[in-house]
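Following this line, the structures themselves.
Presented sequentially are two complexes of chain A, the first with chain B as partner and the second with chain C.
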Partner chain A sequence: MHIPDAFIPIWQGAIYWLLALVFVALALRWARNEMNEEKLPLVAVLAAGIFALQSFNLPVSMGTSGHLVGGALAAIILGSPFAAIFILTMVLIVQGVLFGDGGITTMGANIINMGVIGGFVGFYSFKGILRMTKSMPVSAFVAAWLACLVPALAAAFEMFFAGTFPLVAGLITMGVYHAVIGILEGLVTIAAIYLITSVRPDLVETGAIRGKEVGP
Partner chain B sequence: MKIDNRTFLAAGVIIALLIGVMAVFFASGDPDGLESTALVVQGEKTITGAAPEHAEIQKEIVGRFSYSAPMADYSFSETMGPLEGIIAIGLGTILAFLAVLGIIYAIKKVRPPLQNQ
Partner chain C sequence: MIEELFQIERESYRDSVIHRLDARVKILIAFAAIIALVAIPYSPMIYSVGAVFFVFFAVLWCCTRLSPVIYGKRLLAIVPLWGIIIFFQIFLKNRYYTDYHLVMSLPLGICIYAESIEFAFILLVKFVVCISFIILLSSTTKIHDLLEGAARLGLPAEFALALGMMIRYLFVFAYMYRKITETLRTKCFDAFDRHLPYRYRLKQLGYLIGTMFIRSYEQGERVYTSMLCRGYGRESFLFVRKKPLRWSEWVFLSLSFCYIILVPVVIGTTGVRLF
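Now for the complex of A and B:
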């Protein structure tokens, strides 16, 4: 769902950029306060992994492909939606500037969709569902699915404001595709959480691992 | 199995690079969700139908910003086959990794956090 430059007028892109910068500043503050030598490798590896996963388009039928976004994964593993904003912003900058994957004037919108909305939706739905179900895989799956679907619907609204897509057709089509792509997002997110918690449970935040003693 | 920081870093980067290599060979060439939606609203594709072979996404160029990325679409010379994609995605993976490390070192240097309470 990387929006190219051609899809949004420059002035609207500027508005999304301004809004995105507020969240990027908060994410930088998060990084300054939360980062330590123990967590640094996890953040850097997640950025590398999310970049690689985003380049891997998997077929989702209906003549469409999709890839992991990673907002829920970053937010769940690091225990903050700002972690997702921080990591996704860095990934989107590399993608946009070097590879033309997502535009420059639309980068703000992409940061808002995948980083801010993906991060907040992923983090808080994970927390809420975990409290109800007590199941990490169920919570992570639903959180990741929502963190794929909701940003796609937000993008459909942005496309409507830009005059690129009609509202209803845009919402339905974006919704259908990303509801399917979100299933992949959910499965990969669960797998990544299991992988990381099995080798470094001490690095993983929040309730991603339950019932396990964490610590020295 | 528990591993230390250095092993975690190395293993993490290697796994990311392997995912990138697999992406070059196995990634779907179908348009992504946003592009597919663009084709649908243009009337070139149905929601559940296959992507048309030569469909072009109409892009409003007038009055829109345009930028030519040095390695657009993860290729740069189109003469090296799959190796080119591997180099591009590998480079991007390493850059994302280094960018995060660099930014964190930079902001930590500017204002170090209070340590040891």
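Now for the complex of A and C:
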């Protein structure tokens, strides 16, 4: 899902960068206004944690593997889609500049896909489904699945606009692959949230309970 | 990816002319080269520009005194996934060509076109040369120098502070990741072992990820407490000392910029083709 350099023309990359910067600025403003000073180190360390989480390969099928994106998990636990944008922007900067995973000119597109779309889709679908079903596992699963699938489809659209991959083939390949990985992401997200709520419920109160507050 | 962290850091601590350059110079050159390469249209002109840029990269890499094997290994770790997508381009038509010439017709209506092969090569050249500059940057610059360089170039203070803390704890989590994977190996747990029930494998991985999440939270709490002891407050920011570039760095930066800008302009305007 990390689109590398060369797959998006420079002018489109610039547009995605500008859009991403708007959301990064909003995430920074949210961090300044909503987070007290004790949250900033917490979020920074969480970003390192998410980076490590992305290193765990999960078996898919036929020898293929995928890894957790973590956007939905971060947004649900911290209780804001801007937390996902803030954290994933830092993760993408480190991945792009240090490891060459993702690109420099395409980083804006990657921030939009995984941070903005993943964070907003993950957080608001979690809240909405939790309100309807009142079930944490169901809502966390669907939220994590959507937060994996929708950014992948967005990446397919971006590559279609760039002219580097046809739309239908892109949607099918990216969609099917990430729909399968999304199931794993959903299951692992449930397990992670379940473990965190069992061991450190005080931490989850900052996020998932806030999600519950919106329920009737 | 996280396994590479230690190796990258080890390489960046070596000594050479390139290692000693200010991080800002290396960041600007790498980014300028990438932007220049991406800015070139999808045309065969990229073969010549890519080759000249790769020579520039190769000269810089030789100056680092790092083994080409290191470069090769890092490139091989990055290329395969997107290499497959580049390979599939040979079966596809795209908007950058109007006329297509059939090279080979395969069963199930799959065709290979000359223009599609050309486009795949164009993407490959752009991709590999861009990645090469990133490998050069990260292999010759310490992570904290990169951060300081970025802060001096105008990275927002809040981001610099958060990124600084994130980078510091990347290594903690890298050790944690290594310990967890070693523990799994000791217990003979293999997530890809088909003899184990799939649900059990996912549950174990979910618990592991949850454990890492909790540990990261707790680490964050300890960080916060220790930072408070050292006078951290809402108005605290990462202190980055002012450091002007040396004249030799200015000269190197200027010459590199001239090279990066002039090569595509000259090749584009004169129509000179190396291939």
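The rule is simple: the second predicted complex is superposed on the first by the 191 of 216 C-alpha atoms of A that agree within 3 Å, B and C clash if a C-alpha of one lies under 4 Å from a C-alpha of the other, contacts with A are read in each partner's own complex, and residues count from 1 in each chain.
To be clear about the criterion, contacts are C-beta pairs under 8 Å (C-beta built on N, C-alpha and C of every residue); 3 or more make two chains touch, one makes a residue touch a chain.
This is a predicted model, so every value here is computed, not measured.
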Quick one: chain B and chain C on chain A, clash or fit? clash
For A:M1, decide between first (touching chain B), second (touching chain C), both and neither. first
Output check: A:L153 vs chain B and chain C. Expected answer is one of first, second, both, neither. What do you get? neither
With both complexes superposed on chain A, which partner does A:V97 reach: first (chain B), second (chain C), both or neither? both
Where does A:M174 make contact in the superposed view: on chain B (first), on chain C (second), on both, or on neither? first
First (chain B), second (chain C), both or neither touched by A:L26: neither
Do any residues of chain A touch both chain B and chain C, and if so, which are they? 4-10, 13, 28, 31-32, 36-38, 40-49, 51-53, 55-59, 63, 65, 86, 90, 93-101, 103-105, 164-166, 169, 199-200, 203
Mind pulling up the chain A residues that touch chain B in the complex? 1-10, 13, 28, 31-33, 35-38, 40-53, 55-59, 61-67, 86-87, 90-91, 93-101, 103-105, 152, 155-156, 159, 164-166, 169-170, 172-174, 176-178, 181, 198-201, 203
Residue positions on chain A within touch of chain C in the complex are 4-10, 13, 28, 31-32, 36-38, 40-49, 51-59, 63, 65, 68, 73, 77, 86, 90, 93-101, 103-105, 163-166, 169, 184, 187-196, 199-200, 203
Tell me, which parts of chain C touch chain A in their complex? 1-5, 8, 30-31, 34-35, 37-39, 42, 74, 78, 82, 85, 89, 92-96, 123, 126-127, 130-131, 134-135, 137-138, 143, 146, 156, 158-159, 161-170, 172-174, 176-177, 191-192, 201-203, 205-221, 223-224, 227, 232-234, 236
Of chain B, residues touching chain A in the complex: 1-3, 5, 8-9, 11-13, 15-17, 19-20, 22-23, 26-34, 36-38, 40-41, 45, 47-51, 59-61, 63-74, 88-89, 91-97, 99-101, 103-104, 107-108, 111, 113
